[in-house]
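Shared between the two complexes below is subunit A, which has subunit B as its partner in the first and subunit C in the second.
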Partner chain A sequence: MLEARLQTGALLKKLLEAIKELITDANFDCSDNGIALQAMDNSHVALVALLLRHDGFEPYRCDRSLALGVNLLSLSKVLRCAGNDDIITLKADDTADVLSLTFENTDNDRISEYELKLMDIDSEHLGIPDTQYDAVVSMSSAEFMRICKDLQVLSDSVQIDVTKEGVKFAAKGELGSGAVTLKQSANVDKEDDATLIELQQNVSLNFSLKYLVNFTKATPLSTRVTLSMSGEVPLLVEYKMEAGYVRYYLAPKIGEDN
Partner chain B sequence: MSLRQSRLSFGPPKPALVASTANSDKNEAKVNKDAGSEPTSKPSEEKSKTPSNDVEMEEEETVRGGSKSKKRERRLVDSDDEDTAQEPTNAAEETKVHASTQEHREEELATTTKKLKLDAASPKKPKTQAIEKISQNPLTTPEVTDDLIEAAEKEEAELQAAQADDIEQAAEAVEIKQAAAKWADMFSRSSDNLEAASWKKGEPVPYAALCQTFELIEATPKRLQILDYLVKFLIQVIKLSPESLLTVIYLSINKLCPEYEGLELGIGESLLLKAIAESTGREMKKIKADYAEIGDLGIVAMNSRSNQPTMFKPKALTIPHVFKTLKDIASLSGNSSQKQKVDKIKVLLVSCRNKEAKFLMRSLEGKLRIGLAERTVVVALAQAIVLSRPDIKKISKDKLQHELEQAADVVKSVYSELPCYDLIVPALLKGDIKGLQEACKLTPGIPLKPMLAHPTKALTDILDRFENIAFTCEYKYDGERAQIHKLDDGSMRIYSRNSENMSAKYPDVMERLVKFAKANTRSFVLDCEAVAWDREQKCILPFQVLSTRKRKDVKEEDIKVQVCIFAFDLLYLNGESLLREPLSKRRELLLDHFNEVDGEFAFAKSMNSTQIEDIQIFLDQSVTDNCEGLMVKTLDGTEASYEPSKRSRNWLKVKKDYLAGVGDSIDLVVIGAYIGKGKRTGVYGGFLLACYDPDREEYQSICKIGTGFSEQDLEDHYKELKEHVIPAPRSYYILGEGNRPDVWFAPEKVWEIKCADLSISPVYKAAIGIVDATKGISLRFPRFIRLREDKSPESATSSEQIAEMYKDQKLNTVKSDMSKGVDMDFDY
Partner chain C sequence: MGIHGLSKVIGDNAKEAIKEDDIKNYFGRKVAIDASMSIYQFMIAVRQQDGQLLQNENGETTSHLMGMFYRTLRMVDNGIKPVYVFDGKPPTLKSGELAKRTQKRKEANASKEEAEEIGDQEAIDKFNRRLVKVTPEHNAECKKLLKLLGIPYVEAPCEAEAQCAALAKAGKVYAAGSEDMDTLTFGSPILLRHLTFSEAKKMPISEISLQKSLTGLGFSMAEFIDLCILLGCDYCDSIKNIGPTRAIAMIREHKNIETILENLDTKRYPIPEHWPYKEARELFLNPLVTDPTTIEIKWEAPDVEGLVEFLVRDKGFSEERVRKGCERLEKNLKTATQGRLDSFFTVKPSTTPSAGAKRKADEAAAGAKGKKPATKAAGRGRPRK
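Right after this comes the complex of A and B.
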């Protein structure tokens, strides 16, 4: 039995927006820790892992671990019926084949109830190893989104170089080339805009911009984003929320020999 | 930027896969770097290797195994010994499963014994070889899948094709005999290499196992060997996962359901290219370049994938899963179905290993191109069913051989009556060969393949063939074959020659069908020709007019082209199949049970004289009556039965353009070409031809051509024409809208061409302004005869001549508005 009441319904709406382009169906794994989701896009190039910790809900109750298989497009359609300020309650029985959603407005005079059919999704849990990254860049999420969108005009991939001076995003395509460099800054006045770099070793990696742009759909969830990179492992793009996170992993592009 | 998208990989998810984790990999790499034992300039290679040691190793092994088996095979082929056929399978299975030396020795023993046997029976051999040569010729094999050839094959050089058919049929009989003998031999010696399957009993069949079989089949041109591979695989399927047998059969013939249900694959190449690009992250440009070079999407997909490191390895594909997804893809339609299709293809592609991507892509394209004819699949199915009987080892060799031969015949004949694996396969699994004949019979509602006629060159051929045999002549109507079914429940259906349901195309005929049958008919299957009919003149209109009828969503009130049905055979009546009855009986029943209705339904006009003069008069009469010529059929005896799907010598056709004196050749100039695909990769696949108008000094496009070329011809043309490529068409080329070849040529080469017909075309411009103010003339079914080195482009056939040839044809004058949208030519 799951019962989870979320004070700010907008959070759930934003979360769905952040992942539904990448993934069509996924299991919401509910346990007493909270609600988690992990899924790969169908090309096996990117992975999404999100977590909503139990303390983000008030109240949160989950007696037994449950996997709720959901078509994300359908869920986001249902969530469109919720107002931004609505309180959202998720409920599911242990054996149920539906997820019930209740939306209450702030004045508590309008209550809407929806039920979403669940599906059996055959998915295996993938162990993501803890990695010590060579470079961790923490920056403004809006800035990251802008860079990705700007560079997408030029090419479908971007090269990210991190040195101790700063981080450089560069793209080269048929119509020309472009690069954006952000210098390491400890901008105390505007904490949100600062670019911070923790560096063990310089890195230079290539990534598909299509995926990065897709990841930036999570921008509304957090003002900050961290990019963690190492030579041969996937890039980790993380958006932290008050009680949880959305993490995207993206495999780097590798040189083509022909 | 030359980049490739790698797949997400952290480390193996399951301990089972662990060769090393990503971290330790990385550490290793680092250690290497630190120690300086690896030059640091090679990180990219490391990168691609390290994340997927396990996969790499597996692939490497298969590659090694593959090349090994190929090498051995080559040796075998060189030694020119047909009966060593099974060895390559063994070699391949050896790599797949554990090599068993014991088994191998046994096999070798078997080969030697058999060699002795075959030497004794060698008189058969030369014939088979000759036949094989013929069937390898790309122009006569049915397996050639190039669009161009396929389209052309239907009518092109029917004479040749039919001859080849004959020989092939004979060859097949011999082959079946040989195969049966071999299997009988093997089983009586109780060899048990069938346990070498790569999956366990009850599990779904892995797609890889099928692909493995395809791979073996593709590598050999020998039909006997192909049959051998397929039988082996089917036995495994029957023994381990019989529920998958039906889907295996469908995937082998690359179909999704019986033809009459109309669900087909054949996804456009742009969509497939997109799926490859999206699932591998390669640039579209590169994939397209690869495609232009290789000409096979399957191989492009496979190559795009094979350098791809994977770690979170998706689950292996299974046959039921692949088949279901293919069916889903084919059934998708409407809004955003394109995207959904690409998504589904991507999911499959991403799970493909080794060679799977190659065959998956080809399946999606609708062309498997491994040289596996449906006939072979049917025979293999029959033999596999017999050989997987539990008591098979107890049966004596001779008896087994006999049973195998018989089984192949039974399944073939049942399939020709009831072309529906959905019914045949379960019946076979349940009731064996004997049960099949009782369970599966000609059934109204399931179209059977029509019987076809053999072409003849001269009337005297007919007398030669039918000496001392009763025969009859019928008009050969120039229309569309139509098989009309009435079911027991009273519903009616019309099927085309290719078993498509055409009921929607002929709502008017459907309406009237009731009138044609007399009250004493409950159910029937009629074989007819639907012909365009001019109600005012009360005469037959040419095929071109019929082809202007819409194919779908036809509303009765919109119909402009009226159709008359000419019935010439009755295959089924009131619950009884008449296939084995002689034509005389069938015709009698036909006349007894149906009514002619003026201008709507008629019996094919026939004549029973055996005098050649009468036949000549009848032929001339048929041509005057706007028919194509005559059909000549045996009337009585066992040779007068209806043979579904066969091009039989018991039916001969005499077409006016086959007869000597008709169909003068034409000399045309090559002005453009289309890049070849499939078998024609690397050369031009088709050409654009033009005639010359000396008055206006211009070249006018007349037709595309893709038939009549030998492989050598194509290569020669490619070499010669390459010299004359020009970047844009000359200003004096007069072209229609659709005339867009991939390359243009300066007017240099003149070819001699023959064709079936000339027709008015909105697309081509030959003789424009002479016969029709805005339309030109095109050739129907053109075929290449030879290069005219003695002719200059200016001395090519002139527009004036073309116009004259068109007028000389004994066709009804096609009103210009009738021919609108008629394009006699085919797409590449």
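Right after this comes the complex of A and C.
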């Protein structure tokens, strides 16, 4: 049986906003470690992996591992009934076919209870190899969102070049071209705005902007985002939270040589 | 014609082997397409409103070119990279089947004349379609068209399906595209059907996995091939009175045709006089194909002027449409193709812990009251009373 109480309900709401447009149904894999989810989008271009560690909940109890199959749109609809300051408790029996959600508002002693029907989902789990990335860029998540949205005006794909000087996002389309370069900077005053680059080797990769813009829906979860890249392997976009993370993987666009 | 009733057998026994998906989710995939079958299909399906074949001013048929041009464009628009495979010489074993087809054509011709006499337009149309024959000229024209389009093609030494399967097996392409189910029998890991259908049909692509079919049936490849022979293939007759259900049961019990024959009540199930099942099996196991590693597949830019010359001047296509089509081809060739995660990460068996399995077991125990119907209804989170 699972029982997980989350002090800031807003976190769960934001999480759902961050993934619900990419995937429709997914299994929440609950174990004593916490709650995890891994799912690919329909076209097998992007993958979401998220983890809410057990220490993010108070209390957290999961006696045996459970997979809760959920339609994410439905869950987000139910979560819309919760206030941002509500305490959210998730509960499911080992054999349950519903997930029960309780929203408590301490200010006005309001308690609402919902049950969400679960579903059987056959999902393909992907084994993600531990990769030593050639370039890891850590930057402001708001800045990343702005760049993606700005460049989307021009083209449906962006070329990301990372050198030790900085990271450059460039797009070229029918109406013209544009590029944004962020120089490596350790901005001491505003830590959140700094752009940090760890580089083994220069990289230059092409990605679909549609997907990147979709990933930036996770921006409210964290002020920072890291982009990890190596030649010819999927990009990793990670938003770290206090007790967990949301990771997006995106397959690169490949040139015509194949 | 493939294997008689195989798609139903797989659908009934290994449901998980068949997956339906939108054509747009196949972007970036290379697919080997059985050209001969596609052309035949185009000649049947691509018609004028009155059911006549499309023709140019000189009365030459253009249905095959029209089909080839637009359906290929549709695939390319969706990011698929097609390579066509043409039939070579039919295997000698197929002569029986071919003779049957000629016979059928004759019958159709006779019926058509009959229908013409009484003026039954619908019947005339029907028999007209049965009379369709793909001539070497049609094939040659299609090859010419493909060359101008910059789409690669391969000439198989023998059966095109077998060559498609070999290409897919060797990893040269992702899948074989054909309507013929015997592509699976030839060992193609994945078969895509409905790939060359028209957009208007809104038919999703049906993807059939050989491995999952085998697992679902609980058969080895050798047993699967024997099953296909029993079901009825192009290369030898099937035994009378043995339908799909009995064929599966027999293979389950006896594992191969030899043992089945030893235990067969030949009065109830008369074995055809000349029944070269061993040769047929050999043909499926080791078909005559060109070694896929020696084949180079390359997609090139279309020859626009050449296409206009051929399609517009010779075949009476609309110039505007041909040029538009070429633009689409060029655009798709230039833009980098989106990669797919599954080519980087490997699918591992579901790590869903026992709880999931248990729930499924529970569901089975609960019978019809299980959760499956809830799948649809799950769209609504229902407030508790």
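Here is the rule we use: the second predicted complex is superposed on the first by the 254 of 258 C-alpha atoms of A that agree within 3 Å, B and C clash if a C-alpha of one lies under 4 Å from a C-alpha of the other, contacts with A are read in each partner's own complex, and residues count from 1 in each chain.
Everything below uses one rule, namely that a contact is a pair of C-beta atoms (placed from the backbone, for glycine too) under 8 Å apart; a residue touches a chain by one contact, two chains touch by 3 or more.
Note that the structure is predicted; figures quoted are calculated from it, not measured.
When both complexes are superposed on subunit A, subunit B and subunit C clash. Contacts of A:34 after superposition on the shared chain: neither subunit B nor subunit C is touched. When both complexes are overlaid on chain A, the residue A:252 reaches subunit B and subunit C alike. By the touch criterion stated above, A:56 is placed in contact with neither subunit B nor subunit C. Look at A:172: by the touch rule set out above, it reaches subunit B but stays clear of subunit C. When the two structures are aligned on the shared chain, A:95 is found in touch with subunit C, with no touch to subunit B.
In the superposition on chain A, contact is made by A:231 with subunit B only, not with subunit C.
Applying the stated contact rule after C-alpha superposition, one finds that A:9 touches neither subunit B nor subunit C.
Comparing subunit B with subunit C, the partner in contact with more residues of subunit A is C. Common to the subunit B and subunit C interfaces on subunit A are residues 40, 42-47, 124-129, 157, 206, 208, 233-234, 249, 251-256, 258. Here subunit A touches subunit B in the complex through residues 24, 40, 42-47, 124-129, 131, 155-157, 159, 172-173, 206, 208, 230-234, 249-258, going by the rule given at the top. Residues of subunit C touching subunit A in their complex: 16, 24-25, 27-28, 333-356, 358-360, 362-363, 371-372, 374-375, 377-384. Within the complex formed with subunit C, the subunit A residues making contact are 27, 29, 31, 40, 42-47, 64-67, 71, 73-75, 77-78, 94-95, 97, 100, 113-120, 122-129, 157, 206, 208, 233-234, 249, 251-256, 258. Per the touch definition, subunit B reaches subunit A in the complex via residues 1-11, 13, 21-23, 25-26, 29, 43-44, 46-48, 50-51, 278-283, 286, 290, 307, 309-310, 312, 314, 343, 346-347, 350.
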